[in-house]
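The next part holds the structures, each set out as C-alpha cells.
Both complexes shown next keep chain A, but they swap its partner, so chain B is in the first and chain C is in the second.
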Partner chain A sequence: MLKYLKEEGLMGARLPLLLCPGCGHGQVLNYTLNAVDRLIKEDKIAKEKFLFISGVGCSSRLTSHYLNFDSGWTMHGRAVAVATGALLANPEFRVVVFTGDGDVASIGGNHFIHACRRNMDLTIVCMNNGLYGMTGGQQAPTSPRDMITTTTPYGNTEEAFDLCQMAEVSGASYVARWTTAHPHQVIKAIMKGIRKKGTAFIEILSQCPVHRKEEPAEMLAAYKRITIPVAKAKEGDKEKILVGEFCDHDKPDWNASYQRVIDRYKSKDV
Partner chain B sequence: MTKDPHELYWLKPGRYYLQGSEACVEGALMAGCRVFAGYPITPASEALEHAARRFPQVGGRFIQMEDEIGSASVLIGASWGGTKAMTVTSSPGFSLMQEAISIGIMSETPMVIVDIQRPGPGQGYITASQEDVMQARWGHHGEGAIIALAPASVQEMFDLTIEAFNLSERWRTPVLVMAEEPVAHLRELLYVGERKKINIFNRKKPQDLGIKPDAYLPWGHEVVAPMANWGDGYNVNFVGLVHKEDGNVTDWSPQVNYDCTRRLLSKIEENAREIAQIETKFIKGSRNVVISYGAVSRTAIEAVMEAREQNGLDLSYVRLKTLWPFPEESLREVINDVDNIFIPEMNFGMMKHPIVEALRDRCKNFVSIPSIGILHSPEHILSKIVEETK
Partner chain C sequence: MKPMPRLWIDERYCKGCLICVEVCPTNAIASSNTINARGYVIPIEQDMGNCKVCSLCELMCPDFAIAIETNTTK
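And now, the complex of A and B:
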C-alpha cells in the first residue's frame, strides 16, 4: 500500500500518521487503499481517475496529508458539495469522500442528503466515532443519549442520527455500515461503492480511544460484540447495532440523467 | 481541430436585446465557463434560469444546489476538476459564500461569483443597492486580496464577466462581479463581436511549461503558480491551510505563515495598476469630480453633463470599473488638485473610505451622496453638487 502514500519527498515527512495511537481512522485508510488497489488491478481503472475529497476533522486528515492521489482537503462540511463540483467538471472521476460524522451529518448534513437525493456518483466513507475528535471530544449528532462528552458534561439529552437510514431515505444507491473490526467487509463494501454508479454511503464505526477514554483493543472487541449483521437480526436484538448492506439499487446517477439533456443539443454531424 | 458538437448553440456575433442577468451568463459561456451552480434568490433568479436553459445547450452542466454555500463549494470542485465555473447570487446568498471565497483565495482557485446586490442588512429588500462593496473586499475571514468588478450596463455584464474569468485564470483567485439589481434587470442592446477577436485567458498549466509532476510546486515557480488540475496526473493535494510552495502544511512557522499570506495579498495589491481600471471624462484642470461605479454611474454622467451644460459647473466624471484592488494609482494619476469630490453611492459612503485614503492630499472636500434602496436620479446628484458648490 505504501506506493499510494506519501512517506516523504516534496511534501515532507508524513508518516507515521498524525492520528492518536489506537485511532480507527488509520485502519479505514488501510482498508480504502486495499479496495482502491484491487480496483486498479481488477478493473484497470487508471490511478489518475481517483480523486479523494474531504472536509475538516480527524477523518478528513486522511486525504491531503498522506495520499499519492489527487485530493482536496476542503471546508468543514463541504466535501460532498466540492466533490459534486468535481463531478460536474469531469464525470469520469472516481470520487471517494473521506468524512466524519460531525463533518457530513452536522455542518454538512444538507449537502449530504442532497447528494444522496441527486445520486451523485460519490463513494462517501464516513468514519463515525460518535464525537468531535479534533476539537476535543464534543457531542456530535451521532453521540448516543446519556453519553458524557466535553459539551454534554451531564450526559447527552439528545437522540443520535442513524446515518445509514438517512442516506437510504435520501436516495443513495448503496448504503452499508461496518466497523473497523470488519476489515474484509469494509474493503468489499468500498469496492462495491466505487463500482456503483450513484451515491454509495459507507459508514464505518471507528474507535476514538482518547476521547472515549477506553482501550483500543477492547473497543475493537466491543464492536464485534455490540453489532449484528442485518440479515441475522431478530426482534430481541434491538439493543445491537445493525451492520451490513441496507440497500443496493441500480439507478441512474446525476450525470447520467443530465447527459440525456446535454445530448439533446448535440450535433450528430460532428 | 475538432468541431465542438454544441457549436450550433454558441452565441453568434450580432446585436441582442438582453437583460443584464442574461448577459452575464452569456459572457461566462463565451469565456469558456461550462459549470454553473446556483440557488434561487431575488433579484438574481433570472440569471439562474437563463443558465439552466443555456448550459446544457453548449455541453455544460448546470446544477441548482441546496444553498449558496453548496453553490460556491461546487465552484471550488469544478475549477480544480479543470473547468471554468461560476455562480450568480444576491446579497444574502453572497454572505453564505464567504467561506468558499476565503478558501478560494487561500487555495488560489479561479472562480467567478456575480453578486446582484440588494439592500441589507438582513433580508433588507429586493431593490437596488451597493451595500456589498465592502463585504466583497473584507467579507471573507482572514487576509488575502480579492478582485471585484463593477459593471454599469448590459454590455458590461457581458464584457466584465469575460474579464472576470480572464482575471481569475490569470491571477488564480476568486473574482467577483459586483452588479446591482438595476443593471441585472435592465434590458438594452448587447453587441457581441467575432468570437476569435474576444480575448480569452486560460490558466497556465505545468504540463504546458514543461514542468514534470516530480518537480511541480503547486504554489511555487512564479508569483502565480501554474495550476495542475485533478486528473492531470500531478497528484495535486488541494489545501486550505497555510502552506509552503510545495503544499507542505506540516512545517508551520510564523515565517511560513507570513510568506503565504503576504504572497496572497501582494499578488493582487501590488499588481493593482495592471488589474484595476477606471474610466474618466473631462478631467483636465477640473476643480470638481464625481466618482461613481456601477448603475449609479449611469445617472452620475447625466448629472455631470447637466451641471456642465445647464449650470456651467466645472465638473468631471470618474467611474471605477474595478472596485478591488482599489485603483489608487490610476486615480492619483488623473486627480491632482481639486476642491470637491462627490461620491454618489447606493450606500452611506462605503467606497468613500478608500477614495479619501487615496486622495486626502489632493482634495479638500469629500461629499458622500447616498441613496438607499433606489437608484439616484440625476437631479438627486445634481442638487447636492449645486448645493455644495454654491
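And now, the complex of A and C:
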C-alpha cells in the first residue's frame, strides 16, 4: 500500500511533507489517497479523470506540491470557483477540492455557498483546525467560543461557523463531518462523496498541535472523547460535537440540469 | 507457524509525533531512544508477535513514514 502511495499517488522525491510534526492534514492526505486508490480499483475510474484543486493555507499545500495527480493551486479562497470552472469545461472529471477552514469559511465563503446552491459535482474536503495555522495561529471563523489563539489570548468571544449546517441548508447533496481520529469513516465518506452526483461536503476536524500547544496523540484521543455520532446523539449531548452524515440527497446536479436544457432546446427543432 | 509481520519505518520522513505508538491497540510499537537526522525521536518495533496487522499505524501516519509488511503478500 505504501509503495503505491509513494510511487503512484505522491511525488516521493518531494517528501517529507512540510507540515509540522503531528499535523492532521497529513493524515487527511493519507486517507484521501486510500479512498482514491480504492475508487480506481473498484469503480475503474481512470487516474487521469481526477483533478485536485486547492487554495492557500496549510491544507492547500498538499495537492499541487505532493500529489501525482492533475492538480491546481489557486488564489486564497477561490479554490471552489476554479474547481467550478474546471468542471464546466470537463464534466467527466472527478474534481476534489482540498481546502482549509480559513479558505472555505472566511475568504471563500460565498463561492462555497453558491457551489452548494448550484449543486456542482464537486467533492469539497475541508480540513478544519479552528485557526489560521500558516500565518501564526490567529482566530478563524471556525474557532469555538473560549478558544485561546494568538489574537484571542483571553478566549474567543465569537461563535464558530457550523460549516456542515451551512452546506446542508445551501443545498449540498452530501454533507458529513468526521475527525482525523476516525480513519475508516473518513475514507468511506470521501469515496461516497466522489461517487455522489452533486456537491459533497466533508468537514474533517484536524488537529494543530503546534498552535494549540498539545500533544498530537492526546488531541486524537480528545477528538474521540468530545464527539458523538449523529445516530446516537440525545438531547443531553449538546456539549459534544456531532459527527457523521448529516444529509444524503439524490437530486440533479448542475451538469444534469444543463443537459436537460440542451435536450429541450434540441427537441424543439429551432 | 504464522509469519511475523515486519515494521518498516522511514527515518528520513518521521517527525516523531508518536501517533503510531498511541493508536496501536496491541502495543507492538514503542518510542525509542534513537534520534534521527532532524532531531526527532523515532518509534521502534517492540513486540511484533502481538501485531494483528490492523494497519492503523500505516493509515494514521501524517508523514507516510511507517508501513507494515507481511510475508504473505509477497
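Miscellaneous remarks
FYI, the second predicted complex is superposed on the first by the 250 of 270 C-alpha atoms of A that agree within 3 Å, B and C clash if a C-alpha of one lies under 4 Å from a C-alpha of the other, contacts with A are read in each partner's own complex, and residues count from 1 in each chain.
Assume a contact is a pair of C-beta atoms (placed from the backbone, for glycine too) under 8 Å apart; a residue touches a chain by one contact, two chains touch by 3 or more.
In this text, all values refer to a predicted model and were calculated from it rather than measured experimentally.
With both structures placed on the common chain, the touch criterion links A:84 to chain B but leaves chain C unconnected.
Between chain B and chain C, B contacts the larger number of chain A residues.
Contact with chain C, but none with chain B, is seen for A:31 once the two complexes are overlaid on the shared chain. Shared-chain residue A:67: touches chain B; no touch with chain C.
In the superposition on chain A, A:53 makes contact with chain B only, not with chain C. Of the two partner chains placed around the shared chain by superposition, neither chain B nor chain C is touched by A:226. Applying the stated contact rule after C-alpha superposition, one finds that A:75 touches chain B and leaves chain C untouched.
Using the contact criterion defined above for the overlaid structures, shared-chain residue A:110 touches chain B, although it does not reach chain C.
Of the two partner chains placed by superposition, only chain C is touched by A:22; chain B is not. Overlaid on A, the two complexes show chain B and chain C touching the same residues of chain A, namely 10.
Residues of chain A that touch chain B in their complex: 10-14, 48-49, 51, 53, 63-65, 67-75, 78, 81-90, 92-93, 110-111, 114, 254-255, 258, 261-262, 264-267, 270. Residues 1-2, 5-6, 10, 15-17, 19-27, 29-31, 34, 180, 183, 209, 216-217, 220-221 of chain A touch chain C in their complex. The touching residues of chain B, when paired with chain A in their complex, are 2-9, 34-35, 37, 56-59, 61, 63, 65-67, 69-70, 73-83, 85, 99-100, 103, 214, 217, 230-241, 246-251. Residues 8, 12-13, 15-19, 21-23, 40, 55-56, 58-65, 67 of chain C touch chain A in their complex.
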